[in-house]
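Here the chain labels run A, B, C and D in written order, and each chain numbers its own residues starting at 1.
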Amino acid sequence: MATTLPPPKIEILPVPDRSGNGHVGGGQNLIPDVANLRVAQQYSPPASSSAIWVGIAAICMSFAAFTSALIVRQASNDWRHITLPSVLFLSTLLLLASSVTLEVARRRVASYMLGADSNIASPRLWLYLTLGLGLLFVAGQYMAWLQLRSQGLYLATNPNSSFFYVFTALHALHVLGGLAGLLRAIRKLGNATLRRSTLNATAIYWHFMGVLWIYLFLLLWLKI
Amino acid sequence: MTLKHICLAAAATLAVVTMTAAGPGSGTISGKITYEGTPAKQKPIDMSKEPSCAAKHPTPITTETVVTGPGNTLENVVVYISAGAPDEAAPSTTADFDQKGCQYVPHMLAFQVGQELKIANDDQTSHNIHPLAKINREWNKSQPPGTPPIIDKYDKAEMIHVKCNIHPWMSGTFAVLKNSHYAVSDKDGNFKLPNLPPGKYTVTAWHEPDQEMTQDVVISGGENKTVSFVFKLKPY
Amino acid sequence: MHETSAAPAVVHGPPTTFLSKHVFSLDHKVIGLQYYTLALFAVVVGMVLSWLMRIHLGWTNAAIPGLQALSPNGAPGGVMTPEYYLQLMTMHATIMVFFVLTTAPFAAFGNYFLPIQVGAEDMPFPHFNMMSFWTTFTAFLILVTAFFVPDGPPLAGWTSYAPLSAIGKDAGPGQGTGQVIWAAALGVFCIGQLLGSLNFISTVLDMRTKGMTLSRLPVTCWAWFITSCMGLTAFAVLMPATILLILDHVAGTSFFVPSGLVLNDQLVPHSGGSTLLWQHLFWFFGHPEVYIAIIPGMGIVTHVLITNMRRPMLSMKAILYSMWALAFLSYMVYGHHMFVSGMNPFSSLVFSFPTLMITIPSTVVVLIWIGSLYGSKLRINTASLFALGFISMFVSGGVSGFFLAQPSIDIMLHATYFVVGHFHMVMGVAAMFGIFSGTYFWFPKMTGHMMNETIGRIHFWLTFIGTYCIFMPFHYLGWAGNVRRYAAFTDDFLKPLIPVHQFITIAALFTGAVQLLFLYNLIHSRFRGPAAPANPWEGTSLEWIMPSPPPWNNFGGKDPVVYHDADQYGVKTASGADYIMQNSPEQALATSEGD
Amino acid sequence: MGKLLAVTIIIIAIASAVPFILHTWEPPADISTHGGLIDEQMSDTMIEAGVSFLAAQILLGIFIWQFSKKPSDTGKVKTFPGGAKGLVIAAIVLVGVEVLALGAFGSKAWAAVYFTPPAPDAMPVQVQAGQFAFYFRYPGPDGKFGPIHPEMINEGNQNLFGLDPANDVESRDDIVTAEMAIPVNKEVHLLMHAKDVSHSFYVPALRIHQDFVPGLDLSVHFTATKVGQYEIVCSQLCGLGHYNMRAYLKVLSQQDFDDWLKKQQAAQ
């Protein structure tokens, strides 16, 4: 019952000396002696790669709860169907496009890190492009609210509009979080401390935002 | 300072006194409140929920939304000067509001803006006093038996419906008024507004839940004006 | 004995300033201690509240000296008003459930020992970890402000059933601002716990040191891992619920408030909402929350027991699987809180079976604990005393679940003191015993000082007997139909029970006072206690290979390598010790189990 | 110290069980036709739970007594005969069977209350729960309840159900009361309506316990078998007056009930 396995093999990797005064890099804040992204890739230890999926699980759970609330509430007789602002279709496209640009950016960064491409400008450009599209999306959501307001549909007007505002607002908040992540990635890319795992996590989150939006959009759009 | 000055001063003082105090030359408005039509039937209140109170009423009390007397007189109507009289500072006396046998005594309590309101609980059970003020600050407090009276005051004129949620049948009214010229009609429907200096007044009679009638009255010197109000009541 | 391996993920440097060392620290150990301190403060507040409530229940019209000064409206002349009783009750429950039972065994001990026991230098996201604590702390502050708003705290209980909780001040004192503050506090608390759970899970998944396979994780790590999985899902559901509740208050939406309600003879301006929706959302969080409070305790107790029994559990696997089963089932049974709440009577039956099923994993755990005692060399010390007390309490609280799991019996016992007794024993007191056990066990490691054993034992004896005197009678009261959440007992069939309440009150005051011993022991030992060796209890898990207290970077910048699971007790070794530490390559000569 | 703990645990366990064994505190005697099953279920569960409670505590005590280490002890640790497997199987089989049995029989009692339709000739009574009192309504000679107009509810003039007799004919003969009276041995169909927040209709003696759900009118049905006066209390936290929210249930002979109803009608 007590599992005592034979001692595993230990291979010693090259380690920067960490016995000194204590300023050590790595993990969240590795500043390699040579400000070189390739060094960063090699020496920075693997950060947690599961965390992003854990976070996504939590977000899914929250929106599942909201969905159940929506379904329960739809059953009541005061439910009115509202026609969604047309701008939403545009912003949906923007969000999808941003996912594409981010993928391109990811490939560029990868090829740069592998040395295939020595130009750091183009990956950064694509990241900025994604950032811009994300901002446009949030702006689009804001315009959607203005449109609803002009139709006299406020948060408390009817259950459907309540859910619309709640869903879009919370999703927009999460998107803003993603934008912050992108900015962070761009900064790290700038001072050569970007780890691929960081970029990957950011990308996964960003794509998830797209998926989540499509789900919410359909939920609000289709009569269930 | 000359004699002339003194005389003037004296005259002025005298004038002031006659204007305000109940001196000679101040009039009175009195009268009777009656109703026409059929008043709503007052239902007996079953207090079995609160045995300690039920025990205090061998014959069950009834609701008090309309309390009538012989000859179609109407009780619990508050009559006051709504215009013509200046606002007055609150008197030092307290307006007492008691909870006896799960009933408000008095049912209709009139007092002045800023006057001290004293709410006491004579029962063996907890009451919660919940004046549903709209203009004034609304509050809702419980008063366990044997606790000191609740002291409060209102700073705006308002007719406030008072209820106890623990004993839903308990219902009363605070009539918070701007001046001291008010009266609540007695069981014969009589009311009396004394000590009114000469002037033109608007007299308002108010009956719960929100029936209101007004009349203009001119008082010149120490006369007695009689005013009467007739409320139209419906069975439902 | 130590062996180095690859460089661990150094996640932050050593603290340099006072702020970064003690206040906004990134160090999981400091954060753990911060959580512990918060829980300690919260539990004192919660306990004082319960004292006031108990006095009121025993002697309803007695004036409590000084209470008027605390709340002139709540206690005119020192006599507690019904609403103030309910407000204290609500705050007592909220503080205890969220800021004691969730923070202490999970966030406090977990933060301190999870990274150490998996051999990591810290959690992967120290900044999230720090935010997690400070968000929780903010939530606590927000909650406490409810005491200082004009109408006082909410009176709707910790379950805050809509519409009472959703229609605002007309529903009663505290239902306006107070209720919103309550909901806001919980929403913020959820954020804190989500960040924490995120860290816990990724620590276990990604930060394990060389050789620390999942099967070698100490049971406590599993307990915290399971708990954080539940926390992640449960708090993610509570937060939406609180958001919707706040919107119903401040934005005039109608998620939980149906049409045609009348308060004080006035129509409530809401329509179409669903009152059961809140109950479903709340209990979907609420029942897992119960296990969030107890599972870390089970882990701690198992950990403390194997160390003091000097033998492994009969089957650690059985315990782990049972914990997973509890966690899983807890999501399928929440409906048993709503048997008579107007839910479809068929679903009541549907919910009752998984609820009954929960007794199986619980029984497995208890039997494994008891069975493992057989033939052990049980060392009696305060930690093990509390661990054994935990088992006794867990059994006492657990069996009452037999009754409450059945809808038909729930007809009689629902919302009575039987329920109150049940959850206080199984989730309140048992979890508390887990916390005490963990404290006496790990205090030397956390502070570098030993606790006073004599005071500790006195504390155990008085607490053990005291809590039984308090919570057993609750079951008798409930059996006689004593409804809970009553500010006074005026009904003919309740008046005869008042003496029982008076007995409970006395027991509660006594037991509460006893906790001062614990506080004294804690503070005194922190400064005056004798220096603690690295491994005072001869434990095997990684926290015992480092000096007490551990340095800021846990293993001095070197990662331990793990060769065994944490159950290497009662073995024969060359050195003559009856245990092998996880990071020692040494192999047992022959395990001395069996006769 | 270990021995002391063992003794304490066993003493506490037995002491805790005594009041249940001696029936020191009992639920009020059952006066309903369906309550028998529930009481049976409760006592069965009490036996099973009691046995497992005592067994576990006493076993715990015995092992603590026997194996708390003496200073001289240098022996080896021994393993429980049969190891974990025996215990796990015991837990799963014994407890599994036990709880399944409980669940099965329990659902019978539950079904008796909730899955049987009220008899067609059951007497309809409406109960309205509000902060902080129950009020009851009898349909009167026409056998029909007038519609409820929430906006007309006014406790000041005791229009507790928001009736509009001026316009609703059915409302004119409705009888509204503050205490509930029912004839003995006659099935009652109780229609439950919540005026403001959630409340609960709990009559221990009747073995009836059902929440009021605002916005959702539920109903229960029962038959009282014993003349007498019992208490209806609220068990769902409904606000500051929760503790004092109650009404009396009078179970009367048919004759007395008819008189009572006449008296109430006169008072309307």
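Assume a contact is a pair of C-beta atoms (placed from the backbone, for glycine too) under 8 Å apart; a residue touches a chain by one contact, two chains touch by 3 or more.
Quantities reported herein were computed from a predicted structural model and do not represent experimental measurements.
Chemist: Check every other chain and keep only those touching both subunit B and subunit D; list them.
Modeler: C
Chemist: Where is the C-beta contact count highest, in terms of which two chains?
Modeler: Top of the contact-pair ranking: C-D.
Chemist: Please report how many Å separate the Cα centroid of subunit A from that of subunit B, as a whole number.
Modeler: 67
Chemist: Let me have the rounded angstrom distance from the C-alpha centre of subunit A over to the C-alpha centre of subunit D, please.
Modeler: So the centroids are 51 Å from each other.
Chemist: Calculate how many whole Å lie between the centre of subunit C and the centre of subunit D, each centre taken as the average of the chain's C-alpha atoms.
Modeler: Those two chain centres are 29 Å apart.
Chemist: Could you give the separation in Å between the centres of subunit A and subunit C, each centre being the mean of its C-alpha atoms?
Modeler: Result: the chain centres lie 33 Å from each other.
Chemist: Note the residues in subunit A that touch 2 or more other chains, in rising order.
Modeler: Residue numbers touching two or more other chains: none in subunit A.
Chemist: Can you tell me which residues of subunit D touch two or more of the remaining chains?
Modeler: Answer for subunit D, listing residues that touch two or more other chains: 130-131, 155-156, 239-241, 244, 246.
Chemist: Which subunit B residues sit where two or more other chains touch them?
Modeler: 125-126, 128, 142, 161, 163, 165-166
Chemist: Touching subunit B in the complex: which residues of subunit D?
Modeler: Residues 130-134, 155-158, 160, 164-166, 177-179, 239-241, 244, 246-248, 267-268.
Chemist: Would you mind writing out the residues of subunit B in touch with subunit D in their complex?
Modeler: Residue positions touching the partner: 40, 42-50, 63, 65, 125-126, 128, 142, 161, 163, 165-169, 171, 208-209, 235-236.
Chemist: Would you tell me which residues of subunit A are touching subunit C in their complex?
Modeler: Listed in rising order, the residues are 1-5, 7-8, 10-13, 15-16, 18-19, 22-29, 45-51, 54-55, 57-59, 61-66, 68-69, 72-73, 75-79, 155-156, 159, 162, 166, 170.
Chemist: In their complex, what parts of subunit B are in touch with subunit C?
Modeler: 125-126, 128, 130, 132, 138, 140-148, 150, 161, 163, 165-166
Chemist: What part of subunit D is in contact with subunit C in the complex they form?
Modeler: 1-2, 5, 8-9, 12-13, 16, 19-20, 24-28, 37-38, 41-42, 45-46, 48-50, 52-53, 56-57, 59-60, 63-64, 66-69, 73, 75-80, 83-85, 87-88, 90-92, 95-96, 99-100, 102-103, 106-110, 113-115, 130-131, 150-151, 153-156, 162, 194-198, 200, 202, 204, 207-216, 218, 231, 233-244, 246
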